[in-house]
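Pasting the structures here.
Shared between the two complexes below is chain A, which pairs with chain B and chain C, respectively.
Right after this comes the complex of A and B.
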């Protein structure tokens, strides 16, 4: 049949339908918004621990919603019940959706059974941020730690998640590591499932 | 005919419950939804070896009462969707389709930054979307 599926040619460029657009947001827009968020929280708190907690809480809300959204969009649509399953989900799918690439590495902690680490050479949120010396060990990656905590908590794996700088020789800027420490009940359940 | 849809949170707190009949037995429908939560928990904690795998989201028909059938759906965040219907010949594909559209509306409602997770969904747009989905479900299964 001739003519089936032929695209309509618009004579006037104003009549063309709007394109769907890229699924991405510009990095500078996000960096600007994030810097404003950090500055706003800085004026509201007295110490660094409180600032980190606020960033983490902001990330928690994002994580909860990202989990719902991804579960719905994923064609496979399976609920993660195993520890390794949810960790690899965070490491690849969540990172891909949020930052456009999978995380650099996922490691299991050596000292404790319940510790896992996701490392990234340069966290996207930290790219345009430098911490002044008097702030000590503060890391704006607390926002990303909050996102991970939101995803894990709402999937049924309560955990304590923190972000740390790990200095690497040969590199000017230190590597960022997200440390995940699972709660007791998660390990007990995992042991029971075999 | 769908008589009732409900979304129930992780701690079995109601997030959204809406009945679509004119009759006054809304309380009875709430009660049916409440009983079906027990069935969902039972399915999740004791999986049948030959039944669907542990991680499926769609739970299928939960249990039939005198003239209602109850279907369940579990999301990744332990939020349960319950559907109560009076149709006798509902196709599986229709129910799955209904749940996936309901899930899409739910995700959009929860993505609202002003929505507090755990509280009831008060968005009017969400209620309208659910009403449309329910209306089109009725048409597709009878037509």
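Right after this comes the complex of A and C.
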């Protein structure tokens, strides 16, 4: 085995350190796995809304685990308790670990107080995906929306998270916006904390 | 030389000889859908026959067909999908272009969950990237 001299072998999985290890996986391998996941879920549903929901659920499980791991690894077993704190945690820390880069932008919704948006020019999961015309506004970013919902929900910020295509002027391809709408209780708590 | 396209047209045929992608780049002899389908399956058969007729063992089939008015370069992938371009006689770097198109096919067609294997290719991202590749190739040619 290559590099076995440096690695200590742990007989018990719980003794193994939660080190970062190798940071990257093959994009092709991920793309094929994700593609299969979408295809499998497509055979299990009758309509597009249902498919979107299933992808989101798959992402939710990832989000819950990612939150746990990153709080331990990056934050010394602390988690964010404030709204802006958790949002920038998702926008930078989570994004960097999952996609190798910080998200393109994090904005507050202009129309509603409880809405925030994370935008990506080209979402990693959508890199190779062309949505057929008959599927309308369906976006495979629903999986990423699920991840975000998983992180937020488990950190105590229940929210409704959805993924949308937003056309950009002068660009052939639309960007993907992850829309986060927080539950009322979150905003009330936030106001109380001042 | 007029600004006419060096690449006349591009075909992709699946392993059973069906045309799954056809793109015309402004050649003189424009073909309708039926003609292009016929040409694709004809090429598929000719390619297969050439493998049988070759005096060299383990021949992979015709790679280049040269005619007075056009060249036809063909690339066959390991799975039997064939890519071929019809271009101006003497056009260079066509093997490179075909390899690049194959790469685009594996990326934007095969990794797309909404593409059904062996069926006609309708992927927006493939079209966009293909247009760029052929454009770049054209620029390289004009810059010579």
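The rule is simple: the second predicted complex is superposed on the first by the 169 of 194 C-alpha atoms of A that agree within 3 Å, B and C clash if a C-alpha of one lies under 4 Å from a C-alpha of the other, contacts with A are read in each partner's own complex, and residues count from 1 in each chain.
The working rule: a residue touches a chain if its C-beta (ideal position, glycine included) is under 8 Å from a C-beta of that chain, and two chains touch if they have at least 3 such contacts.
Just so you know, these numbers come straight off a predicted model, no measurement behind them.
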item	value
Chain C versus chain B on the shared chain A, clash or fit after superposition	fit
First (chain B), second (chain C), both or neither touched by A:128	second
Which superposed partner A:32 touches (first chain B, second chain C, both, neither)	second
First (chain B), second (chain C), both or neither touched by A:42	second
First (chain B), second (chain C), both or neither touched by A:72	first
Touching partner for A:102 - first (chain B), second (chain C), both, neither	neither
Touched partner set for A:61, first chain B, second chain C, both or neither	first
Which superposed partner A:160 touches (first chain B, second chain C, both, neither)	neither
Partner chain in contact with A:81 - chain B first, chain C second, else both or neither	first
Smallest distance from any CA atom of chain C to any CA atom of chain B, in Å, after fitting	23
Shared chain A contacts, counted only where both chain B and chain C touch the same residue	none
Chain B-facing residues of chain A, complex	61, 64-65, 67-72, 77-81, 154-156
Residues on chain C engaged by chain A in the complex (per definition of touch)	107-108, 111-114, 122-126, 128
Complex contact set, residues of chain A against chain C	28, 31-32, 34-39, 42, 128-132, 135, 140, 172-173
Chain B residues touching chain A - in the complex, by the definition given at the top	10, 53-57, 74-79, 100, 103-104, 106-107, 110-111, 113, 117
